[in-house]
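All chains are identified by letter, namely A, B and C, in their written order; residue positions are counted from 1 within each chain.
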Amino acid sequence: MSHNEITMEQGKMSKEKEQGDTPLYFVRLNFNERVQHMIFVVSFIVLAATGFMVWIPETTLDFLGGAKETVFTVRGVLHRMAGTAMIIVSAYHFYYLIFKRAGRRWLFDMMPRPKDIKEFIHNMLYYIEVKEHPPEFDRFSYKHKMEYLALIVGTGLMSASGLILWAESFWDKFIIDIAALIHGMEAVLACLAVMVWHMYEVHLRPHKFPGDNMWLTGIIDEAEMKEEYPLHYKRIMSDPKLRKIYLTKGPKQDE
Amino acid sequence: MNKEKKASIFTRAFRMIKKSGLFLIKVIYLLPFFVFGLWLLGLVYFPGFDLNASISLLRYRPEPQVLPVVIPKKEAVPRDHFHMIDAYVEKSAKPPPICVMCHGRYAHDKEKKVRALLNMHEGFISCSVCHVRKGGENIPDGPRLGNEISAFLWRVWATGEFKKAVEGEYGKYPATIFPVKVNEQGIRQILTPISESAARRFLEISPELNTEQFDAARAKLHEGISKEPVSCNDCHKKDGYLDFIQLGFSRQRVDHLISNEFVGMINKDKTIHLPSVIDFREAPQTE
Amino acid sequence: MKLSLYFKLAVVAFIAVCSGAGAGFAQSEAAPDEENCLICHRYPNLGRYDEDGTRRIYYINDVLFGNSVHGEARCKGCHTDLDKIPHDEVKKVDCATQCHIKEPSSNLDFSHKNMVKKYDNSVHGQAADEKKKFPEDLPTCTYCHENRSYNPYEGAWGKSAALALETLARCQACHTEKAWTEEIYAHFTHRMRRQREQDEIIRLCTSCHENEEKMTRHGLEAVSTFKDTFHWTMVKYGVENAPDCISCHVPVGYTTHEIQPRTDPVSPTNKRNRVKTCSNQGGVQECHPGATADFAEGRVHAYGSKVQLLTAREAVIAEAEAEDSVMLIRAREEVSDEEIFHYKILSLIRLVYQVLIGSVIGFMVLHQLLDFRRIRKKMKTEGTHH
């Protein structure tokens, strides 16, 4: 489904919706982005699982018995396949950011601004109960922006070092040593960051525990929108263009 | 009133269960993330640390220098034995005779010429067979204990039952010969010359004893032990101390056990010179 | 369907026949005990403790011995001075002794003399370097060798014991002396492949080479650094042909008995031979077929104690200098400035990441804990409202 189709469809829907007082739903991730995310998630998990298998201590491996060698071979193949998938989806993402309207909007909303620093301080004050209300976040808050930056840097480093290791014979051994070290260390950093920052943010926060399905449906309801992204909500509601893009029907009709 | 109270208790209990159940589910859900994260942090900050190795270090190992059994191929780092030997070298009587507690394995070390040969018997004969002489009254100062021996029987390691004969050959038996006492009710039991509690007590207090006290205590402990143990020639002869036939050995084996070959070899005053073997084998013929 | 069922049945039957046949091959007869040593030595508990507490086991399993590489040798062929009972004043077995086995090609008495001589000139040997200190650390024959059993050859074709039997049957078509043919066949095929698994080799070598104390007094690095490499990962997973110590230090075309230090130009780990060792070992083993000199001449083991010593604080170096440490002298000879630079860079990257991970993850955990606490509180207050 192309981007244009989605907006057209959603436009139709929002028109219908404005007539009745049915609850409003907002698009957080469109279909294209959800597919990108899904490929990235799967390849990330496969990469982490098959990658850290290298570091499992030998005594722990005994339970595999005679299957060890097969497991190792499969591990290597899967790791390379998942790595390739991740690089392709990342490359596509850059294409998406530049050549698609939704991508450009994403990039624009993701740009760091001085406002983010203010919001960060405000939020910290809210956490320690100096301020009574959280800051009014736009589409992407400082949390998302930090994470997105880390994701780009991390994926870049992992891809580059991974490709160097894949073609090990062409390089100076020193380069390979550096690549191996960075690949391992960055992997640890990425996994810990994903678990602590991303997993907590989207799935483990008390009101979302044990899991949120936004990454599958791509939409959130009006209450959550008001709560989490009040500024974005206001912008959408006041701008008919944005309403066309972001307003949608309920989750069931989304399919 | 009463009913309401009861109900509230039930509700509270139900809530408690529900709450703790939810907590458990949360823990199960989150624990893998925690463990994985900790492992990763360990890899970055303590790269040389191996949890499994540390655990195995803590595990109790009874005899650190014991030869690794070489038969399982995986264990074959042969720093202890050149010849491929089997697990039988590690098998010993179960339960081990009380003597092993102090004297250990391969207890014979005084008679240099025959000590290995004497130790060889440990695999299938308990110490008390030779060191508590049957019919002790015939020897001056002999222990009375010897009189209580009613029979020599195999005691099977796995089951603990007494048998007249067992399967096996050349020291590889699943049982040990013990001197057995039969009491008035006809119950057979192993004759132990030394009480285990006394031995333990002796081990405890021995560091504090002076030489005289130590000697006296040791003598007291070993009261039941015959001064003159059964010697090689006592058994390896016709109608010797042990009745090999009664113990289930075949006629042929018994003939061998009491043959000149054996008796000559074990006479410790004599040295046997082995003839140098001349190799009469011909070189392999190729066609 | 039916066909595949028959096929499966046929495979099962074939496997059953093969395994039965293999078992039959494996159990050859015990060695004839012409010297009558087994009269005592077949008893498992024959043994004693030495005066220094070493356990001596005098037990021989005749079936295992009969199937071993020395199964045809007589006891006195190696234990030459055992000519009286009780055996006293027994000398250690010398592997260079001529035993009564005839070497089939020359019909002369066989001995391991050649090997012992080669070995003595190797890095592990005693004779090569008169100045060698701590000769008690050097491994002797039996440190690495045991009296191995013959196994029927299981080749690359499905690891089948039946193959061994088939080949043997072909030999026996001409060589009708059954026992002799079996013996020669077993000996021959026994030499066709390496005898130890990779992890066994590593355990064997590291039993000395991982010993920090022993290695330091010879000016060597302990090789636990091997376990930081991907080579070790492959060994850990039991990959066939995974690189162990032998694969690089004694590649195809070299023998373990002539192993030389890497500073020696003949050594396969010497820089000038590295490309060949990594890329193509005599056309047999190709691990990194495209290896360039840049790739092959780099460091394989992780950086170890020598570089660490050279980059240590000055006080540590001064202390080593004062002690006249072999380690320091050899480190200065062997470690190039380039390697020190590489080591420093790698350490720096590691340090940067350690700091980065600690601070970033620490910040994240703190942030999320605050978030968690605030949300819980908010949910509670809202809960009371409702």
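The rule is short, and it goes like this: a contact is a pair of C-beta atoms (placed from the backbone, for glycine too) under 8 Å apart; a residue touches a chain by one contact, two chains touch by 3 or more.
Since the structure is predicted, the reported quantities are computational estimates derived from the model, not experimental observations.
S.K.: Skim through the chains and flag the pair connected by the most C-beta pairs in contact.
M.R.: Highest contact count among chain pairs: B-C.
S.K.: Can you tell me which chain lies farthest from chain C, using the average of the Cα atoms as each chain's centre?
M.R.: A
S.K.: Using CA atom means as chain centres, which chain is nearest the centre of all the protein shown?
M.R.: Chain C is the most central one.
S.K.: When the C-alpha atoms of chain A and chain C are each averaged to a single point, how far apart are the two points in Å?
M.R.: Distance between chain centres: 47 Å.
S.K.: How many Å are there between the centre of chain A and the centre of chain B, using C-alpha atoms for each centre?
M.R.: Chain centroid spacing, chain A to chain B, equals 64 Å.
S.K.: Whole-Å distance, chain B centre to chain C centre, using C-alpha means?
M.R.: So the centroids are 33 Å from each other.
S.K.: Among all residues of chain B, which ones touch two or more of the remaining chains?
M.R.: Residue numbers touching two or more other chains: 41, 44.
S.K.: Residues touching two or more other chains, restricted to chain C: which are they?
M.R.: 353, 357, 361
S.K.: Spell out, as numbers or ranges, the residues of chain A touching 2 or more other chains.
M.R.: Chain A, residues with two or more chain partners: 185, 188, 192, 196.
S.K.: Considering the complex alone, what residue numbers of chain B touch chain A?
M.R.: Touching chain A: residues 26, 29-30, 33, 36-37, 40-41, 43-44, 50-53, 56 of chain B.
S.K.: Which positions of chain C touch chain A when the two form their complex?
M.R.: 199, 230, 233-234, 236-240, 279, 288-292, 294-300, 342, 345-346, 349-350, 353, 356-357, 360-361, 364-365, 368, 370-376, 379
S.K.: Residues of chain A touching chain C in their complex?
M.R.: It comes out as residues 54, 56, 58, 61, 68-69, 71-73, 124, 126-129, 168-174, 176-178, 180-182, 185-186, 188-189, 192-193, 196-197, 200-201, 205-207.
S.K.: Considering the complex alone, what residue numbers of chain A touch chain B?
M.R.: Going by the criterion above, the answer is residues 52, 55, 57, 59-60, 184-185, 188, 191-192, 195-196, 199, 204, 209-210.
S.K.: What residues of chain B sit close enough to touch chain C in their complex?
M.R.: So the residues of chain B in touch with chain C come to 41, 44-45, 47-48, 65-67, 70, 73-74, 76-86, 88-89, 91-92, 106, 108-109, 112-117, 119-124, 170-172, 261-262, 265, 268, 271-274, 276-277, 279, 281, 283-287.
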